[in-house]
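The letters A, B, C, D and E name the chains in turn, as written, and every chain counts its residues from 1.
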Amino acid sequence: MLQYLALAAILFAIGIFGVLTRRNAVGILMSLELMFNAANINLVAFNKYIGAAGLTGQIFAIFVVVIAAAEAVVGLAIVLLLYRNWQGIDVDQMNIMKW
Amino acid sequence: MNILSYIIFFPILGFLAILFMPKARPNAVRWTAAFFSFVPMILSFYLTYDYYINYSSSSAMAFVEGPFNWISAINVHYFLGADGISVPMIFLTGLLSFISIIYASFIFFLLLETGMMGVFSALDFFLFYVFWEVMLVPMYFLIGIWGGPRKEYAAIKFFLYTLFGSIFMLVSILILYFTSEPHTLNMIELIQTAPALTHSLQLFCFVFFFIAFAIKVPVWPFHTWLPDAHVEAPTAVSVILAGVLLKMGTYGMLRVSWPMFPQAVRYFSIPIAILGLVGIIYGALVSMAQTDLKKLVAYSSVSHMGYCLLALGAFSSVTAMTGCMFQMVSHGLITGALFLMVGMLYDRAHTREIAAFGGLGVKIPVFTGLMVLFSMASLGLPGMSGFVSEFMVFIGSFGSFKLITIFAVIGVVLTAGYILRMVQRMFLGEFNLAKWGGLTEINLREILTLVPLAILTIFIGVYPSPLSNMMKATLENIVNLMAR
Amino acid sequence: MEAESSQLVFYLLSFIIVIAAICVVTLKNIFHSALFLILVLFGVAGIYILLNAEFLAAVQVLIYVGAVSVLIIFAIMLTSHLTSRKIKQSNEQVTLAVFICAGFLLASLASIANTVWRITDRPMPEHNTLTIGKLLMNDYVLPFEIVSVVLLAALIGAIVLARKEGT
Amino acid sequence: MTGSNLRILIPEVFLFLSALFIFAYDLGIKRKNPRQIGYIALAGIAITGILLIFFHGGILYHGMFSSDSLSVFFKIIFLGSAFMAIGASFEIASEKIRNHRGEYYGLILLSTVGMMFLSSANELLTLYVGLELTTIPLYVLVAYYKDDKLSVEAGLKYLIVGAFSSAILLYGLSLLYGMTGSTYLVGIKINLSVIFLTYGKIGPGLILAMVMIIAGIGFKLALVPFHMWAPDVYQGAPTPITGFLSVGSKAAGVIAFSRIFVNGLIAFSTDVMKPLDWGIIVAILASAAMIIGNITALRQRNIKRMLAYSSIAQIGYVMVGMVAASTMGVAAVGYYMFIYLFANMGAFTIATIFNDKTGSDDIVNYAGLSKSSPFFAACMTIFLLSLAGIPPLGGFVAKYLVFAAGIQAGYTWLVILALLTAVVSLYYYANIIKMMYFSPETPAQPIKPSLLARLILLIAVAGIIFWGVFPGTILNFATETAKVFAF
Amino acid sequence: MLENTYLIPFYPLLAFVAILFFTRWKERLSSYISIGMVLIALVHSLFVLAAMLSRHGLPMEKAIPFITHPSLHLELGMYIDPLTAVMLMIVTIVSSCVQIYSIGYMHGDPRYSRYFSYLSLFTFSMLGLVIANNFFMLFIFWELVGLTSYLLIGFWFEKKSAADAGKKAFITTRIGDLGFIIGILILAAYAGTLNYQQVFEKVASGVLAPGIITLAGIFIFCGAVGKSAQFPLHVWLPDAMEGPTPVSALIHAATMVAAGVYLVARAMSLFVGSAEASTAIAVIGVITSLMAATIALVQNDIKRILAYSTVSQLGYMIMALGLYGADTALGHHSPGFVAGTFHLMTHAFFKALLFLGAGSVIHAVHTNDIQDMGGLSKKMKITATTFFIASLSIAGIFPLSGFWSKDEIVATTAGHPVFMFLALTIAFMTAFYMFRLCFLAFTGKPRVQEKYDHAHESPNTMTWPLMFLAFLSIGAGWVGLPWLSHGFSSFVYHEQIHHSEPSYILMLASTVVALSGIGLAYMIYYKQRFSADALAEKFKPLHTLLYNKYYIDEFYNIVIIQPLLKFTDFLWWFDAHIIDGLVNFVGWLIIKWADIKQWFDQYIVDGAVNGMGYACMAGARLFRYLQNGSLQFYTLIVIGSAVGLIIYRVTSRGFIYYLLGASIMVLIRSIIRTSGMEKASTETNVQD
């Protein structure tokens, strides 16, 4: 089981890296998907090895997939707004408010 | 009979009433404010009289109300009562509040009065703390709105400084609450149980309470808010500030710290007395350097309240404690009057620079006479209250601290020094006709505000035993509690 | 034997997922990143199958590929004039990010390795798709309903935001 | 299976239906009267509140949804904050939100539905889904001024950081599930102790899980250091939404936190289980929140940013009650949030109105407000003083309770720190009061808020004063909620 | 009448109140009320004296409680014994004379009524002081006396010198009172009471340790030092001459300054318990006396001469009392007590007369400088005559009153050769400077003609008191004639009657000394055999020293007052800057922290992201536009701190590494950014 967890951790870390470094808003959203997937791997792995009696983990994962999609939808809508307002989606530009 | 509750909450009614009054009629506001502080004053007089006649023989709380459940979840009760140390303070508060409102009818005074009266009669720690803090806000507004050129600085400094002090009190209150079994905030019960705390915890709580009270007093070196607040505050506010608010610190010590932490007081008695001594000398010396009359009076408060602390250091002497109480009352009367007079002068001359005046005795003899009277009272002239209190402080504390008291006596000379120097530079000497020719003598209203203070000052100085008897039983009880 | 082969498959899939994920977060061309993301998602679906979650794998492929195709469209649409240029796609905190990610990885791997896991040897039930369906309609009907509201909210929100106003 | 108990879902369902009705109504009736929809939303909230009185108590789906006193208490807070946010929105609805007014109100209601579900959730999945339902409409609402760069930027920041935190939270939740094999908090609690009793240890995975969950919920709470988004988002978002974020959304975080930690992980609240305890972590974060929040607020010139930092600090105080993990602590947290609802929503309502009338969020522009609009200034003063914790206002009792709980739990250092920072906080609160009252300037024209806004302000003021002086009712209720947790 | 002695102080008090509140606007009436009341007091005092005589000096005491405490009982009361009765007489007589005299002297003064109210208040205080039965009450009136003397000295407060003098008097005496209070505190602490008789009983019974008695005695004596203008606190008295002359007569000759002597006499039972304290008193007394006498030799201001003379005479009395205490403590007999008190009485009369006479002169010529006078005896017969009588009396010429009392003092020194020598020296000098004054002022040619022309005899209200006092100056001493059954000493005594046998040798010696002093003055200033100026020139350093009063004022100014004022200024600075500064600094620090944080955000955080060199760059704005990924920085913080917390809880050492690593990263980042600036900027250009 640990190998799955390790995979999830690595994937999660890569996702974090993406969120931290991607300048492109869509890129950040993609990285977020990686993180959600990593968590899902965890859930499903646990479901198999620990919570075998039920399917809670898998069901959890299904919900996560749906929610991730919902967030992606809203996220893309906001990205669209960004594009309208800034003519670009480089998040480095989104720094009017600071300090 | 809920006389204490009436005294406390009547002013609030006035505040609310005035809030809903049309602003266009200042006279109506003035009369309403006067009325709503007049009634508590009369009640406080009655209370004092009643206490003196009927209750002063025992140390038990009189006029007790409660304890009624207030916030049952945290054992907070509505619990009021008055004894020999609170009754004189209530009297003083009632009198000075009315005088201040007569002098300048700021409606925030009514809120302030509620807070002050509440502090002096609360017997539940929560209630005590609430009233303690409640005063800050109206005071903040009073200084901030109507104050002098640096009012904003002074107001926030006062607010932050005293709040800073009181948070330590809150921590201690909570510790006391949780260490008592069963948990209680009842001061009377805590006085019985608190000395059973471990030594270190007692010291801890004591120090925390002390910081809170010391800032209010103000004890050197926590005094720096005071000159700023006083100088910037409008006259009537200074009166209340000096007359009542400063007394809360020493009142708190007498009511809370001393009976609850006798071991800690014993442990710290010498440092306390030294702080008092430093306050006396330091305050007097710094007063001497002042060029602003109001600042001079303000710093003299530091000096005078030092006597209280010195007396409190001599915890085992009833005489010292009585001296402390006397000093509180007398300082309230005298400094209140002095601030009033400074204000009256300022209203006319628009300056408080001592050097700007000279020889005013020629032009405004009545004012000068009263000023000299209160100055003399301030420097502890026999026949006036200041002398009795200082003398008793000395006698009481000499038993415990010989050397410290001897040094403290030097304060008497220093006080005479700066007071006389002030009187001489302002009222004696050559009169500058060109500059102050238009100065007017004080009017009847102003005289009437001062006369009660003068009469009381002299009365206490000449015939102190009523006041002394009023608080004797209570103070003896405190001293006995201290022996635990 | 079966176990060994599944191990092999796992490592293969893992390798693909990790490499693809790294590509997703580092490639300069956002379009390529998106394609690699699809690869990752397929890989994860494979992992799900390994973990006896066939239904989830199907959901993964259906929804994610749907969602990600939208992402790709967006990516192309919004960055068409950027992708052609060779510009940095990552910002200035890369090294710090690497450090923190490494820290996270180390910490989490160490934690996971030292933690007590109560691994049961009971086998997974077969045909769990049916069970999942039943569960969703019974025990998990409440979150199911909530998630439907989430979707509704997301849709309405997206429409509100995305719509161009009267101009 | 527990069909008879389905009635406890009625308030949530009704609120959801009101939202749907608003969407439909807005489509059908073409916004002749912009206020109409607002009133419908207010009515929906009010009726939901009434329904809540009749339909509560009981559990559904093995405790997945439990309508206990704790949840009811927080639901009242959510509904209150939604009510006040919508009330305040009237001021901006006519000017700034020309289109999609219905969606605006509907999304607020949907978010509130999410909070209500969240507050009842005793199971990780429901909790997570409820949290998402709370958050996703807010992403949209924050960016609702679509042509305003600030608002969009705020939306982006909120979305990215929010989704990021959501993923982190999910990772933590998955670990928690993996360690215990259960998503029910009761199961988690039991299984963890079983593991500990069986194996003699649990392992650092729990730390990983706890920190990840704290980080995830910390986003909702704007708890330092997960607060970085808050000032920007608060500044950019429409002001009523900012208020809603700072109260409703925070309260949602608070209840999620208390459900997971104070209920599920209660065994790990003290250092008995060192290093697996979360108490010290939260205490550190709380102190950081109080310090950073209060100090950074000192020099803010924008009232919304200032209130953002202030609310960052406020959550630090709440967390002091939380780390106490006791009956008193939970009661204190509940009471705190209740008063905070009035004070903070009130302050934001005033900021909304002020911005609407003057177009400015700068504190400098509040100068002399007491002369032109005394009522307005007086209300603001009371809100600020309550936030600062000055008696006899509610904020004082709230702080008192929180600190009492802290002292009781032995966190004396934390309480002293909290008190010290409270003194600091007074400075910036008083700064606004100073502007309003002490400044010699006189603004050109008085600000005349609408009747509804006045009413809301009056209710908030009355609530702060009344429940400050007589905290008994609310406090008893809050103490009652603590019985949900078995301490 | 004896039982009602306590009423005596109240007569003048009544006058004070009446004048202050009711008759202030009617000047004549005010003065009449004042005088009437003091006369009533005088009559009452006479009755008291008579009653006292009739009961052979049996004391009586009466008291009411002031404050009652278990540890301390303070009371207000009266204690009447012969000493009290005599003091009452002295005070009321001198006061009456002075008040009557003042009618003329103060005529036309704008604050005429107030002057009389002050005089009444002073008389009240002085009488209260006299009848007190305990140290506490004594102290109360002691201070009130100080206050009224302040008011009276500074009566012409428009004159800066007068106001200054009043202040100086008050403060200087208060310094003495400091010791007095401490003495009282010691008594209260160790004896537990402040009542005279109870304290004395404890002293006599040996309850109090000798050390305590010495300490208490010396401290109480400090009060007397201040009030009686003894060295080193004598500096206020000469300055106090700025007040109206009758005031000088009343306060600084007859009554207030005598209060110190009275205190020593009153507390004699205490001092006899300690030879050390008594000796100290005697030494102080003689030093004062000698010093003041030498100063008086060269002064030119008529009132100052008299002032120094007063100081000198008071020192004389103090010395006598001190010697008595010392002798009695050692078991010897001594006439010192009687001598001191006797001289107190006679001195009161002739010194009052001298001052009033001086006032008469000043009234006439409007100058204080005796060098500007001369030949006034022709124009002012009564004044001149009475002045001469008083001078003879003070010089100790038989049979004037001064002779008898002075003689007793000299007799007291019999066992102490040094004291005796000094006493005689002082007597010589006294005679010399008094007659120097007389001759310069009243005889010879007028030195300033216009002043002389202007001079005239004073009105009757002024001359009558002069004559009455002259009569007393002559005859008051006769009550103590050794041959008339020792009238005074058998009435006023301490513990036991002690009559000193008249020592004719001593009488002769002192008369010779006095006469030679007069003779020398006669030679120099009347006959002008020697030139005074030449003498002054010859002993110039000494003359300068004396003329400048040993530079004591200057010494105090330089060593005490100026440093003190400097110190207060420093403290004020200290308070405003250091203590307050500390408070403000903390506040400033907190606020600054916000700034620092902002600065941190602006430069460090940005810098970490943007590169430190951003501030140095010319195209900083452009660069900033490109960078500041604040959003991602937020996420960085979120995950970074989460990871930090995890590591912190898992392994504390790892946490340190983590922190270290993170900070190194930030550092490296900044360095890289600084060096890699150009690349970044080119990239910017590409994008644009």
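Keep in mind that, in the parts below, contacts are C-beta pairs under 8 Å (C-beta built on N, C-alpha and C of every residue); 3 or more make two chains touch, one makes a residue touch a chain.
This structure is a prediction, so every number in the text was calculated from the model and none was measured.
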- Each chain counted as touching subunit C and subunit D at once: A, E
- Of A-E and C-E, whichever chain pair has more C-beta contact pairs: C-E
- Among the chains, which is located farthest from subunit C on the basis of C-alpha centroids? E
- Message: Going by C-alpha centres, which chain would you call the most central?
- Response: B
- Just give me the whole-number Å value for how far the CA centre of subunit B lies from that of subunit C. 71
- Could you tell me the distance, in whole angstrom, between the mean C-alpha positions of subunit B and subunit E? 32
- Note on the structure: Averaging C-alpha coordinates per chain, one finds the centres of subunit A and subunit C separated by a number of Å equal to 7
- Query: Could you state the distance in Å from the CA-based centre of subunit B to that of subunit D?
  - Reply: 43
- Query: Among the residues of subunit B, which are close enough to touch at least two other chains?
  - Reply: 160
- Query: What positions in subunit E touch 2 or more of the other chains?
  - Reply: 587, 598, 627, 629-633, 635-636, 639, 646, 650
- Query: Of all the residues in subunit A, which ones touch at least 2 other chains?
  - Reply: 5, 12, 15-16, 19-23, 28-29, 40, 45, 50, 59, 63, 67, 70-71, 74, 77-79, 81, 91-92, 94-95, 98
- Query: Chain pairs in touch?
  - Reply: A-C, A-D, A-E, B-D, B-E, C-D, C-E, D-E
- Message: Show me the residue ranges of subunit C that touch subunit A in the complex, using the header's touch definition.
- Response: 10, 14, 17-18, 21-22, 24-25, 30, 33-34, 37, 40-41, 44, 47-48, 51-53, 55-56, 59-60, 63-64, 66-68, 70-71, 74-75, 78-79, 82, 88-91, 93-94, 96-98, 100-102, 104-105, 108-109, 112-113, 117-120, 122-125, 128, 131-132, 135-136, 140, 143-144, 147, 150-151, 153-155, 157-159, 161-162
- Message: Considering only the defined contacts, which subunit A positions touch subunit E in the complex?
- Response: 16, 19-23, 28, 91-95, 98-99
- Item | Complex contacts: residues of subunit C adjacent to subunit D | 107-108, 110-112, 114-118, 120, 138-143, 146-147, 149-150, 152-154, 156-158, 160-161, 163, 165-166
- Touching residues (chain side subunit C, partner subunit E) in the complex: 85, 87-88, 91-93, 95-97, 99-100, 103-104, 107-108, 110-111
- Item | Contact set on subunit E toward subunit B in their complex | 65-72, 136, 139-144, 147, 150, 154, 157-160, 162-164, 166-167, 170-171, 174-175, 177-178, 181-182, 184-186, 188-189, 564-565, 567-569, 571-572, 575, 579-580, 583, 587
